[in-house]
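The structures considered in this document are given below.
Two complexes are shown next, each including chain A; its partner changes from chain B in the first to chain C in the second.
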Partner chain A sequence: MRIVFEKTSYTYMENTPLEKRALHEVSTTFPSGEIIAVIGRTGSGKSTLVQHINGLLRPSQGKVTIGERTVDPKTKKKQIQKLRENVGMVFQYPEHQLFEETVEKDIIFGPLNAGTSEQQIKKQVPMLIQRVGLDESLLHQSPFHLSGGQMRRAAIAGVLAMNPQVLILDEPTASLDPKGKQEIIELLKEWHEEKRLTIIIVTHDMEEVADIASRAVVMHDGRIAMEGHAQEIFEQQGRLEALGLDLPPRLKVLSYISVKTGVPFSSWSLSPEKAATEVNASRKGNKDV
Partner chain B sequence: MFKHIIIGQYLPGNSFLHRMDARAKLIAVLLMIMVIFLADTWRGYGAVTVGTVGVWMISGVPLRYILKGMYPILILIVGTFLLHAFLTQEGEVIATVGAFSVYSGGIEQGLFIGLRLFFLVLVTSLLTLTTSPIDLTDGLEQMLQPLKRFGVPAHEVALMMSIAIRFIPTLFQEAEKIIKAQTARGAKFNSGSMKQRTQAMISLLVPLFIRAFKRAEDLALAMEARGYNGGEKRTKLRALTWRRKDTIACLIVAVSAVLLFFFQR
Partner chain C sequence: MTAVSFNHVSFRYEEESDWVLEDVNAEIEEGEWVSIIGPNGSGKSTLSRMCNGLLSPVEGEVFIEGKPVRPGEELALLRQKVGMVFQNPDHQFVAPTVKDDIAFGMENAGVPRNEMVERIEKAAMQTGIEKILDAEPHRLSGGQKQRVAIAGTLVLHPTLLILDEATSMLDPQGKREVMNILKDLHRRDRITILHVTHDLREAAIGTRIWLMRFGNIAIDLDSNTMLDQMNQFDTNDIPLPYEFHLLQELRRRHCKEEAGLVKRYIRDGIAL
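Our next item is the complex of A and B:
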C-alpha cells in the first residue's frame, strides 16, 4: 500500500501550556512494497510521523492517505479501526506489550481481535515462531520468563501474525546485541522478500538499514530534511552530519578509502570483501589504460 | 486518553503562588480543605467559591487547562450528585422517577457534596500545579518534623510521597504507550463488547503492573547502590525560605476561614 502524507502537522497536548508541535507540514510519499528507513535525531518526530500511518495519531492539520483510506483531522475513530487490520506496528520496546499467560496466546491476540478463527491462526503459530528465531517449545511458557531478546522476538511475532500489508517498526533493534540486531534485520528482509509488503523502519542507526532499505527519509525538528534513494542519502555525509546524525563506521571507512584512492564504490554498504574486490578491479582497470 | 490528567502535574511558572514557600502553601491548603468541609450552607459555599477563584487568579494557570484536567473527575462528581439526589429523603418531594422520589433536600445535599469534591480537587491541584515536587516533599517533611517525637517517620513518609508523585505522570505515559501498542494489535478499549473491553483492559493492566514493580525494584537497587540509608543527618541542596509574604498569605487564609465560619450561619 502506498502512503502519502500531505502537509501533515501534529501538535501534542494541543491547547494547553505544554503544547508541543512535533510535525510541521510534512509532505512525502512511501511507495508500495519498498523498505523505507526513517532516520533522525532523538526528538525529531520519527515516532510521531509513523504513528499516523495506522491512525494511532490523527493529523492536527493536513492529511495522510494509506492505500485507499484517508485520515484527516475529521476522520471518525470507527473508520480508523479497519485501517489497523492492514497496518501492523511494532513499537519501541515491544516486549512491554506482552501480557498473556503463554507466548502462543500472546501471538494470536492480534489476529483474534481482527476476527481470524482460533483454529486457523494456531496452525500458523509454529511457522511464525520459527521465523522469528525462537524455539517451538517456548510457545507454552509464560512470556515473562523469556530473556529480553526472546521477548522482543515474541512481540514481533505477535504483529507479524496479523499479516499486515504495511509493517512499521519503531527502533526494532534498540538495546539488542549486534548479533540480535543482525538477526532481526535478516528476518525482516526475508519477510519482505516473501510478502512484498511495505516496511517502514525507524532507526538511529543507518548502518543496520543500509543493506535493506531502498528509500530513506531524514527527519529534523518535525520536518523532512532529506529524502530519496537510501544510497543517495547515505552518500551525503556532510549534510547528515550537519543534522546531528552519526555516520555508520563502515560508511566512514569506505568514503575515506574512496577519497584517498579515487575508487567510486558501487554502493556504500559493501562488505569489506566486496570493497576490496572493487578496489582491486579499479586498479587493474587503471593499469590497463 | 490521559492527555489532560493534571493530578500531580507541575506547571513551571513565576506567579505569586509559584514563589510562595511550599510550607506556607501546605498550611493554606490545609486550612482551605478544612473550610471546604465546614461549609454547609449556600452562603458558605458562595464564600468558598470566591476564595478559591481568588487563589486561582493569582496562580497564573490557564482556566481551560484546569477544567480539561478536571474532566475525568467530573464523572465522579456527577455520580456523587446523583447518588445523593436520589437517596436523601429530606424536604419536599420535587419529582418522581419510577420508584424513586427526588426530594429538595436531596438535590441540595447532592449539590453540596458535588461542589465539595470539585473544590477539594481544585485546591489540591492548584497546590501541585504551582509547587515543584521537590519543594512539596521538603515542605511536607519539615512540617512532619514535630511528629517525629511520636514515632512518625517523617523523612520516609516524605520520600514515599515524593516518589509516588514523581511516578504518577510516568505511569500515565506508560499506560498511554501500552494502550497504543495494544490498539495497534486490535484491542478495543472504547468500542466492542463487554468481553472485548475487559480483554483490552487486561492487556493494559498486566504490563503496566509488571513494569511498575520492575521500576520499583530498579529504583530501590539504584538508591542502595548509591549509599542511601534513610534521612539521618542529610542536608538539603536547596533550602526553603519563609518570607513575610508567606506569613501574610497564611494569615489572610486563616482569618477568612474564621470569618466564614461565623458568616455562613
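Our next item is the complex of A and C:
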C-alpha cells in the first residue's frame, strides 16, 4: 500500500496556550512494499508523522492517503476504523500493553476486536507464535512471565495476526539486548520477504537502518530534512552529522579504513564478509602495480 | 591491592528456586576496568549488587579491599567506597536541583558544609555538569542524568564505581558522554570500574571482560586478548557488532594492516 502525505501539518493542543506545532506541511511518498526507516532526534516529529498513517492522529491541515483511503481534518472516526484493518501499529514498549491472562489471549485480542472469528484466528496462532520465534508452550502462560524480548515478540505477533498491509513500528528494538534486537529485525525481514507489505520503522539505531531499510526519511523540527534510498542518505555524512544524527557503525568503520589506507569501498552498506573481500582485493591490486 | 574478591559466591532469591549465581570465584585488582556482559538472566546485575551489600550471598563471601561485605553498620561506610549507578536515570533523583541531589549522599555521610561545596565543584568538573548544577533533574537528557548520578557517587570519594546497565537506556550521544567520563575516571583518577553492559563495543574499552552464562563467569579475558579470540563469543547469545565481525573477516583473509586498524578503532572506542 502506498502512503502519500500532502502538505500535512499537525498541531498538538491547538488553540490553547500549550499549542505546539509538530509537523509543518510535510509532503512525501512511501512507495508500496518497501521498508522505510523514519529517523530523527527526540522531538523531531517522527512518531507524530507515523501516527497519521493509522489514523491515530488526523492532520490539522493537509491530508494523508493510505492506499485508497484519505484522511484529512474532516475525516470521521468511523472511516478511520476501517483504515486500521489494514494498518498495524506496534507502539514503543508494546509489552506495556499486554494485559490478558495468557499470551494466546493477548495475541488474539486485536483480530477478535476487528471482527475475525475466534476459531479462525486460533488456528493461526501456532503459526504466528512460531514465526516470532516463541515456543508454543508459552501460549498458556501469563505474558508477565516472559522476558522483555519475548514479551515484545508476543506483542508484535498480536499485530501480525491481523495480517496488515502496512506495518508501523515505533522503536521496535529499544532497550532490548543485542540478541533480542537481532531476533526482531530477522523476524521483520522474513515477514517482509514473504508478504511484501509496506513496513515503516521509527528508530534511532542507524545500524538497524543500514541493515533493514531500503528507504529512509530524516525528520528535523517537524519537517523532512532528507529522504531517499538509505544508501544515498548515508553518503551525505556531513548533513547527517549537522542534523545531530549518528552514522551507522558500518559506515563509520569503513570510512575510517578508507581514509587511513585508501581502500575504495563500493558501498557503505557492505556486509563484513564483502567489505573484507574488497579490502583483500584492493591489496592484491596494489601489489600487481 | 585486590579491590573486589568473590569467594565461592552463590545466590538464589528463594530456597528451592534456581541458583542465580553458582559458586563464583573471581577477583578484581585495583585500577582494573572489568566489563560484565552476558544474556539476560545470566547473573550480571546480581553479581554487581553483591559488591555493596544490596544483595548478600546465600553461600560464600564477597570482600571489598580485603574486608568482608556484611550487613550492619559498616555497610554505610562501604557504600561510600563503592559507588553505584543504575539503569533507569529517572529512578535515582531525590532532590529538586542537581546540586541538592549530589549533596544528598554527603549529608547522610556527615560531610561538613564547606567541604561539600568543594567536593561538588570537583565532581561537577569530572563529569562535565558545571553548567547544570541549578537545573531540575527531570529536565535533563538521559546522558546528563546519568552524569549527575555519577557525580553523586564521586563526591563520596569511591575507589570502586559500579555501573549496572547504566548506559542501556541512553541514546548514542548519551552513551558516548557516559563512556568518555568513565575513561577519564579510570585513567586520571585511577578509579576501579565494574561495568555491566549488553554492548560489546563498550565492553571492549575496559581492561578485562567477563562473559557470564548461567550464573557463572564462563569467560574471563583481558580485552586485548578477547579481540583475538572472538570465536569464543560468536555464539547465539552474544551477536558480534559490525566492526568485530569485520575484524574476524579481515583476519581470515590475512589483511593484517587493516585488522590492526580495526582493532585499535574498537579498543579506543572510536566506534561509540
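We take it that the second predicted complex is superposed on the first by the 275 of 289 C-alpha atoms of A that agree within 3 Å, B and C clash if a C-alpha of one lies under 4 Å from a C-alpha of the other, contacts with A are read in each partner's own complex, and residues count from 1 in each chain.
As a working rule, a residue touches a chain if its C-beta (ideal position, glycine included) is under 8 Å from a C-beta of that chain, and two chains touch if they have at least 3 such contacts.
If you're wondering where the values come from, they're calculated on a predicted model, not measured in any experiment.
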| item | value |
| --- | --- |
| First, second, both or neither for A:Lys77, with chain B first and chain C second | first |
| Which of chain B and chain C A:Gly110 touches, first, second, both or neither | first |
| Contacts of A:Val263 with chain B and chain C, given as first, second, both or neither | second |
| First (chain B), second (chain C), both or neither touched by A:Ala225 | neither |
| Which superposed partner A:Val4 touches (first chain B, second chain C, both, neither) | neither |
| Partner chain(s) touched by A:Lys179 [first = chain B, second = chain C, both, neither] | second |
| First, second, both or neither for A:Pro272, with chain B first and chain C second | second |
| Chain B versus chain C as contact partner of A:Leu56, first or second or both or neither | first |
| Set intersection of chain A contacts, chain C complex versus chain B complex | none |
| Sites on chain C touched by chain A in the complex | 39-41, 168-169, 171-173, 198-201, 236-239, 241-243, 245-246, 248-250, 252-255, 257-258, 261-262, 265, 270-271 |
| Of chain B, residues touching chain A in the complex | 3-4, 11, 61-62, 64-65, 68, 174, 177-178, 180-188, 190-191, 196, 202-203, 206-207, 210-211 |
| In the complex with chain C, residue positions of chain A that touch it | 42, 147-149, 175, 177-180, 182, 204, 207, 244, 246, 249-250, 252-253, 256-257, 260-261, 263, 272-273, 275-277, 279-280, 283 |
| Touching residues on chain A, where the partner in the complex is chain B | 12-13, 15-18, 51, 54, 56, 77-78, 81, 84-85, 87-89, 91, 94, 96-99, 109-110, 112-114, 144, 158-159, 162 |
